[in-house]
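Per-chain residue numbering starts at 1, and chain names A, B, C, D, E and F are given in the order in which the chains are listed.
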Amino acid sequence: MATALIEYADASPEVRAVYDDIMTTRKIDWINNFWKALANDPATLKRTWEDIKQIMAPGALDALVKEMIYVAVSVSNGCDYCIATHTAAARKKGMTDAMFHELMAVTGMANESNRLANGYRIPVDEQFK
Amino acid sequence: MATALIEYADASPEVRAVYDDIMTTRKIDWINNFWKALANDPATLKRTWEDIKQIMAPGALDALVKEMIYVAVSVSNGCDYCIATHTAAARKKGMTDAMFHELMAVTGMANESNRLANGYRIPVDEQFK
Amino acid sequence: MATALIEYADASPEVRAVYDDIMTTRKIDWINNFWKALANDPATLKRTWEDIKQIMAPGALDALVKEMIYVAVSVSNGCDYCIATHTAAARKKGMTDAMFHELMAVTGMANESNRLANGYRIPVDEQFK
Amino acid sequence: MATALIEYADASPEVRAVYDDIMTTRKIDWINNFWKALANDPATLKRTWEDIKQIMAPGALDALVKEMIYVAVSVSNGCDYCIATHTAAARKKGMTDAMFHELMAVTGMANESNRLANGYRIPVDEQFK
Amino acid sequence: MATALIEYADASPEVRAVYDDIMTTRKIDWINNFWKALANDPATLKRTWEDIKQIMAPGALDALVKEMIYVAVSVSNGCDYCIATHTAAARKKGMTDAMFHELMAVTGMANESNRLANGYRIPVDEQFK
Amino acid sequence: MATALIEYADASPEVRAVYDDIMTTRKIDWINNFWKALANDPATLKRTWEDIKQIMAPGALDALVKEMIYVAVSVSNGCDYCIATHTAAARKKGMTDAMFHELMAVTGMANESNRLANGYRIPVDEQFK
């Protein structure tokens, strides 16, 4: 059976603290299923949230670019849940239709040319070693 | 045996026309091995170049963001040739060390959380359907 | 359309013999959909079952460890059917919640660090060659 | 360290029997490294060879089509060893340059459109359910 | 939310021209969801259709072999939409049950042996370099 | 070009602290290339090490089982560096030849049956939902 989803009302103080930080950081008032499932393992919930919080914060790359990279990886891996949630997150951060279309085109093309490079057994150019 | 690499001097006029367009478009004076290998099949060479030329041109996303998406996909797929060339291309377009580090962190994290979502069999939230 | 599922009552003697061996070996009284689908091709049904029977039998690794390895691979590949069935099989063989959580954590981490190793283009250490 | 390769001269009778069958079946007088590595585990050597012998034999699909499917999968997965050996095997069975080029084009295109279908979250048409 | 599907009646002349060419080329009177989703980005719709039209046309490989290669890749990548549609397309082009079963057997075997080659770290034979 | 590897002698105090903790925790006197590459980004070095230290510590699963799961994932993904290092780590923690052979057999089989389940489009049994 699928993993139980732990609601805020049923969560331990340890889990609630993570939920609170997620909602505060993201300025939202609800928790999506990813976290409610990880809450079955509070250590993984906390570690994963702290990692994502650190990694996805704006830095040398802005938050929208980071979300689009997340979408590109999730699409390449075929993770339905991740595609749905990170595409929504990218939209919320300003991804327009035109940006989404280009993101898909690049992701598709990269997946194609990766295989052409594999199949033709192309040696790395001296310039790139 | 690995695919023969077709040098400019040995190329047909049809292949040379593509090589010329690659060098003009990218403002470079050499051709990397990917194209020299595809040149064994001029139809694929031409189609792939025209696709990449269209897709990678700046649009709603700038050229550097597109290159970084290409790197994220290539890293997820483990394509050595593509990682080497597109990382170099991103550097040339302005990717700093800090940007590269964040690109890797997001790519790694996405690959991790994709599997947590798979393994915990998390249903897509109503909000994201 | 999806593959027809061949029930015991409708199966040929050849297919029934495999179904019987599955139920005897696993000490169960029903057949799951994987085998009912493969039964459309009796040669593949028989070969796949005999392979799995040989491979999943306790040996140098116990049956539970083998099931957890199966889950880790299925999660990495994003095979929904396989995740559902092999997680259930691992539970039946004694996987506790705590073991499942650690299995997911290791699987997620491995998927992340695989990509960091790819992206940073890390050469294999002399000690590991 | 990499796996030891077991040469015919050093092989047990059990392993030699498999090697002999490989050479007889394929009408060759040498063994490639895949089998020499698997020979460290005679049970896996025997099982894998018998599976491949059964699966790759001409049937409803001819031997060349089967080799090209093998190449398409190996290219999608990025398995260097498998790409090298199965491309050579396909060549030996009659794959021309033109066939190889089309095989690569289809493999590349499928990898691209797989991701477009993922990213656009396209529902399966009623007609195909 | 999932991508909107653009019906013929609601499509721009540019999109209708592609839809018409798809129906004419394939001798069908309806458009499947893949194209209706891509129609949100007419440039990608047109480019992808023209690529597929060129690549999937009979050449050195016949149309059925090409569809089966498409299926093998889609199965390896786990793309549900692509598996459903390209399996149906292969059936329409003449793939029998026996051919489908062999296609699956080869695809499964290739995915297995790809990992054995990876895990045993098998060096490419001199003959295949 | 490949990532620079940062030796202990050239490392900042922040990086040295991580290197010291790696060597102490693992009871070794050298640092492998993975960490020397990540050291270019001290934040990722520290986060990744702390994650791995937490995740790979013995818990409900022992350290050897965890390493074998790591190998299974790395083999499935085709990450050469990770296969080499985690196979060595598993050996060090007690993986015998027989255990390695069974690990490979299960990993290969899972990769095969994942694709059979995909290709036959098998619905999840009610019992496993």
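Rule of thumb we're sticking to: a contact is a pair of C-beta atoms (placed from the backbone, for glycine too) under 8 Å apart; a residue touches a chain by one contact, two chains touch by 3 or more.
Everything numeric here is computed off the predicted structure, so don't read it as measured data.
S.K.: Once the contact rule is applied, which chains count as partners of both subunit A and subunit C?
M.R.: Neighbours common to subunit A and subunit C are B, D, E, F.
S.K.: Going by the average position of its CA atoms, which chain sits the greatest distance from subunit F?
M.R.: That would be chain E.
S.K.: Could you tell me which chain lies farthest from subunit A when each chain's centre is the average position of its Cα atoms?
M.R.: If we average the C-alpha coordinates per chain, D ends up farthest from subunit A.
S.K.: Looking only at C-beta pairs in contact, point me to the busier pair out of A-F and A-B.
M.R.: Contact tally favours A-B.
S.K.: Indicate the whole-number Å distance between the mean C-alpha point of subunit A and the mean C-alpha point of subunit E.
M.R.: It comes to 27 Å between the two C-alpha centres.
S.K.: Counting in whole Å, what is the centre-to-centre distance of subunit E and subunit F, each centre being its mean C-alpha position?
M.R.: 34
S.K.: Could you tell me which residues belong to subunit D and also touch two or more other chains?
M.R.: 2, 40, 43-44, 48, 51, 76-80, 84, 101, 103-105, 107-109, 111-116, 118, 120-121, 128-129
S.K.: What part of subunit F is in contact with subunit A in the complex they form?
M.R.: 1-2, 43, 47, 51, 54, 128-129
S.K.: Going by the contact rule set out above, which residues of subunit E touch subunit F in the complex?
M.R.: 71, 75-76, 78, 80, 83-84, 87, 103-104, 107-109, 111-116, 118-121
S.K.: Subunit C touches which residues of subunit F in the complex?
M.R.: The contact residues of subunit F facing subunit C are 2-3, 30, 32-34, 37-38, 40, 44, 48, 51-52, 55-56, 59-61, 65-66, 68-70, 72-74, 76-77, 79-82, 84-86, 88, 96, 98-99, 101-103, 105-107, 109-118, 120-125, 127-129.
S.K.: Within their complex, state which residues of subunit F touch subunit B.
M.R.: Touch list, subunit F to subunit B: 1, 40-41, 43-44, 48, 77-79.
S.K.: Looking at the complex, which residues from subunit A come into contact with subunit E?
M.R.: Residues 78, 97, 101, 104-105, 108 of subunit A touch subunit E in their complex.
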